[in-house]
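Labels run A, B, C, D, E and F following the written order; every chain starts at residue 1.
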Amino acid sequence: MRVDGRESKQLRPVHIEPHFMKHAEGSVLITVGDTKVICTASIDDKVPPFMRGGGKGWITAEYSMLPRATEQRNVRESSKGKLSGRTMEIQRLIGRALRSVVDLEKLGEKTIWIDCDVIQADGGTRTASITGAFVAMVLAFAKLMADNKLSELPVTDFLAATSVGVDEEHGVILDLNYVEDSKAKVDMNVVMTGAGRFVEIQGTGEEATFSREELQKLLDTAELGIRQLIGIQKEVLGPLAEAIQNRGERVNE
Amino acid sequence: MRVDGRESKQLRPVHIEPHFMKHAEGSVLITVGDTKVICTASIDDKVPPFMRGGGKGWITAEYSMLPRATEQRNVRESSKGKLSGRTMEIQRLIGRALRSVVDLEKLGEKTIWIDCDVIQADGGTRTASITGAFVAMVLAFAKLMADNKLSELPVTDFLAATSVGVDEEHGVILDLNYVEDSKAKVDMNVVMTGAGRFVEIQGTGEEATFSREELQKLLDTAELGIRQLIGIQKEVLGPLAEAIQNRGERVNE
Amino acid sequence: MRVDGRESKQLRPVHIEPHFMKHAEGSVLITVGDTKVICTASIDDKVPPFMRGGGKGWITAEYSMLPRATEQRNVRESSKGKLSGRTMEIQRLIGRALRSVVDLEKLGEKTIWIDCDVIQADGGTRTASITGAFVAMVLAFAKLMADNKLSELPVTDFLAATSVGVDEEHGVILDLNYVEDSKAKVDMNVVMTGAGRFVEIQGTGEEATFSREELQKLLDTAELGIRQLIGIQKEVLGPLAEAIQNRGERVNE
Amino acid sequence: MRVDGRESKQLRPVHIEPHFMKHAEGSVLITVGDTKVICTASIDDKVPPFMRGGGKGWITAEYSMLPRATEQRNVRESSKGKLSGRTMEIQRLIGRALRSVVDLEKLGEKTIWIDCDVIQADGGTRTASITGAFVAMVLAFAKLMADNKLSELPVTDFLAATSVGVDEEHGVILDLNYVEDSKAKVDMNVVMTGAGRFVEIQGTGEEATFSREELQKLLDTAELGIRQLIGIQKEVLGPLAEAIQNRGERVNE
Amino acid sequence: MRVDGRESKQLRPVHIEPHFMKHAEGSVLITVGDTKVICTASIDDKVPPFMRGGGKGWITAEYSMLPRATEQRNVRESSKGKLSGRTMEIQRLIGRALRSVVDLEKLGEKTIWIDCDVIQADGGTRTASITGAFVAMVLAFAKLMADNKLSELPVTDFLAATSVGVDEEHGVILDLNYVEDSKAKVDMNVVMTGAGRFVEIQGTGEEATFSREELQKLLDTAELGIRQLIGIQKEVLGPLAEAIQNRGERVNE
Amino acid sequence: MRVDGRESKQLRPVHIEPHFMKHAEGSVLITVGDTKVICTASIDDKVPPFMRGGGKGWITAEYSMLPRATEQRNVRESSKGKLSGRTMEIQRLIGRALRSVVDLEKLGEKTIWIDCDVIQADGGTRTASITGAFVAMVLAFAKLMADNKLSELPVTDFLAATSVGVDEEHGVILDLNYVEDSKAKVDMNVVMTGAGRFVEIQGTGEEATFSREELQKLLDTAELGIRQLIGIQKEVLGPLAEAIQNRGERVNE
């Protein structure tokens, strides 16, 4: 049994609370064990200059942690005056992942700003951000439809993410918490669609390497977790989930 | 009756949830109407270079808003690479206010980092930050005492803050929400101790002025609100409140 | 008697030299004891983007100190690459104060840039800046009128500022110099109009508090000083002062 | 046939010129088709503060492009005053990859600074940087050994990287040039050791997704390319390659 | 004989390789002893805002060094987030020098971006940059003419630069390498045209001074070197050199 | 006659007011026509890290302009968050020039901070800064001697600077004001010692060139002006000037 009593292929308890914020067009609080992230989706009626006139929309993401989300207080990036490489990497990943399941031409010339603010961190903040941000984004699209600013959900499939890793003691494990993440030889983040297709795989051996066989087990385990996460997204989204599913099936036929 | 149905001298519903964060030495979530602020107090076992060897402690504060705490999304200060004047002003105010009720020599060479992160904003974020941060700080001191790193609460009195203003329609009003704040001719923030002494008065007429008589009414109204806020702090702090009260009385005799 | 031989309610010698700078539309050198500030008012024929088309003008201020204005040399903010919180706070205060006595609609879509550069500092630089900047601004308006770019002085009243404080030895004192400011328990800056109305009150007890009674004495003392400062402004402005007075009286009736 | 006449699984011509720079402890110019990167390894006799006293070494990397390495001139990051997210991501990847094949304890408290400066860019600059930087690093270690500052090569295996992708027309292709990279549906960078173990896999579908089967083909193709790249590294390194091979075999037994 | 075996008035071996870069409109690699600089000229079809509509072109330059161009590794200016004073001074010098031999009205509303990237440094990088950038710029103009975007070479004369200095041992010396530059009492950079006219003289005695007589010898020696450098430029430019010469003569008549 | 009625080789009226600032160890206000610069010299009892333990002192300079020193208001470099290339160039020039006439070993491990703040600008601000800063520095040394922190004036000679230029109408002219500077074909700044030796020559033809003959006339004219400026410095320095002269003569024998 793992440090927190889980089986090797068991997710932590996951909860997604929709409409968490008063002002945002779409928002959730996603809780994965002790990791808590507020995800909001804001709609801007224009696109960045390099895209103007092309008729397509854009999705971009920002990520931040409260200074005391972690065991030790972190210096704010606003005080340091610049973003760390880690923050930039995560922001780029979140935006890229969401864009892979959105029909940007259907969206039209709008920008969706995704904000993922980590209130409390215990490992897996970037994958929780993606899983939560997907729901926040769909809620924002629903609001656009309710306001008659969009005729159809421009979402081609579900999207969720989790981490997997290789641990000295337990082998391949799912959904690493902070302690496990610190000790893992191999750490992999997987972003996958409802149809089971990969959107992003980032596997890395910090001062270590991994074999083709380990990779297969890591991907199997990730898929197991992501299917459950998408199940939770469906419950939260209710009728909106059905709309995505219908459309997703058409697209994947 | 005001825009949200309140009387002119009525606070919005206030709730302080202690121990809101897993990692911080002290923390609260303070809710004042739709304004929500996470306040944490973190302990650092050293003081800034210019204070080393002096035997005194230090308290410093940082303040930030989530981008979508507000009606319109704000650009993150970490993305802009610098803090706004407004943020700096608020950070300085919070730190200064808390230092006024702490016996820094009793604290010894430690720094208390106060972080006030506005999750949702509807006016009065700086005063809610002070009221919440006071409780978070006392909880952090209690933790230091529980860990035998401090022999006595180094707090000389309670501390809370509210806003008052002059409104065209209702005259002097207490605890302005965002809409009221935008329209007020005069806006004043008052920070006060349990003994009813002023720590900070910042009254300002943006494109307006105010008379000595209006000032008196503003201060009377602020005092009324602050007494209630300190009552709520006392309930939350329980036995810790008594320890402060006893000490406070000695100091104010 | 105070450290420099003054009575507790006595201002330092004040001198305002108009037209101090060759290029600026309005300028003064204000001297308050050993504090010397060059204040200029520059006219820009446009307003910030967020105000365009509204028909109203804008007034904004910048404040800086020469590195060797003080006893110890300060690092330049241009070398550090950012403004301190103190500088931002003062800049915002000066701009806000001046806007309170200007009819921005009468001014029309122009921006007045106020620059306050402290040549030598001995306490009270922000209040001297306000007192001097008011005169510089009026001189700039006069130049606009002389150039037929403005038909009427858009100034509703006089405006001056001073500091008051509570001193261990002398109680409430007026117009603190640097040594007094460093030792004062309570420090308050007051900005007031010719009609005796408050524009800004910023009272703060650094590691101290103050009572309602002390506040009253502080305000009485500040008013005493400000009336004298406005007297000096009137002498310097001559016929322009009369134009303000006439207009001010109409407005305050 | 591909745009430049290659087969789908064919690398571009690769050349590694060792000792390209006069001053650096280790250096190469690596040419992969029209992509040219100068890689240097510089030795610093200390480690970052957070590692001091731990007895282990550190490897860190920086990456940059000349403004006119590309079709359109890029603004310098030194002129913009900050690094882009892309640059940070690449720098972190290069450092992490190299650390995975170095025995940092054998290296001792030294920092190896890797600089990868792209002189000309035609796709694959990050993977060329890794392949070239590995050689530059080994040359720097050899210099340390020649100077009697290191008793043994602290390298556990070879390391090289390439890109693979999925193209509408040609399916899975190896070593994408810029034009191919711009059009690919899926883009994957793979870093692998001489023993065929993965160090890093970064697969991403920009506005697209990929299946498990496609992933397998991508990895097979990447392995094919990396084996050839390691062959080229061995030729360049000569006797040093043998020393790595012997050691690598021991470690992987 | 000097440290590298040269006579006091002897240049180091100079080589200019034209068309060094694939993408730039004009480019060279200039080698002066162990100093190597890539110079590119890029064409932008607009001018800076302050020049728009004036019908004249603009030439601006940027300069940078690879971190390991030097004996000790330098921190990148992109990592520091700002340019050093030395870099800015050199950039301004290169741009100013090139503008002195270009007929900006003939060029029309275009900006020529000159990039000088020092690959390896052994003294004289700024003068090598000017000598190389002149050739890169002419090649870019030739490309504009070949593309029918320019009807005539807008160059009024040749332009090259070198350094001279006063050395304790050898007196006045030409083309200082790094070791000589570090020890020289007086250091002077001279930029001159094909007609032997000065464009820029920057002579400086770091902790030393120099007489009128020394100045004359320095200028004579610089002229000697620059005549040779222009000879090399002419060989590289071939028929383009003749076009300049014809035009230059007309202008200087 | 020139635009302000001067002869071609006539300086503008020059006045140096010593002890202009209350706090600085040495200070002057130098007035050259309408150009006014406050120069202060501040003493720091340590040297920069790279010089520690070497027994030598250091002199460094900072230069700035008030925003409204000029006809049009300039944006503050502190607001822009970085220094312009022009400012850096001037700062480096002033520091270098002063170091050439100071015996840094005699000074010992102290840093002299020179601050040149331009209050009003009408051309020639950098040369006025050097001429004024020299006097401020000598006054600071005198204070060090009076405080028994220095046994002897560590100054080897006088130092002053002026500008010369070539004007379409008047040929070579001395001490250019802003209007003349804007129109000059050639602009040269010359820094010279009391013994008539050059410290720095910076001649530049913006979009123009100059001949050897013009150079000779420029240098003759500059020398003429500098001799007068040194005469004024001697008057201001009185007995200190004699101390320099005696020492200067010994050194130049």
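Everything that follows uses one rule, which is that a residue touches a chain if its C-beta (ideal position, glycine included) is under 8 Å from a C-beta of that chain, and two chains touch if they have at least 3 such contacts.
Please read these numbers as outputs of a predicted model, since none were measured by experiment.
Counting steps between touching chains, the shortest path from chain C to chain F takes 1.
The set of chains touching chain A and also touching chain C is given as B.
Each chain gets a centre from the mean of its Cα atoms; the one farthest from the centre of chain A is F.
Checking C-F, B-C or E-F against A-B, more than half of the residue-numbered contact pairs recur only at C-F.
Summary of the copy comparison: rotating chain B onto chain E for the best CA superposition needs 180 degrees, to the nearest 5. One inter-chain figure worth recording: chain A and chain D are separated by 29 Å, centre to centre, where each centre is the mean of the chain's CA atoms. Note: centroid distance chain D to chain F, computed from Cα atoms, is 52 Å.
Multi-chain contact residues of chain A (touching two or more other chains): 81-83. Round the ring, the chains follow in the order B, C, F, E, D, A when counting starts at chain B and proceeds to chain C.
For chain C in complex with chain F, the residues that touch the partner chain are 21-24, 27, 34, 38, 40, 42, 44, 62, 64, 66-71, 73, 76-83, 87, 113, 115, 117, 119-120, 122.
By the touch rule above, chain B contacts chain C in their complex via residues 82-86, 88-89, 91-92, 96, 99-101, 104, 157, 188, 193, 195-212, 215, 219.
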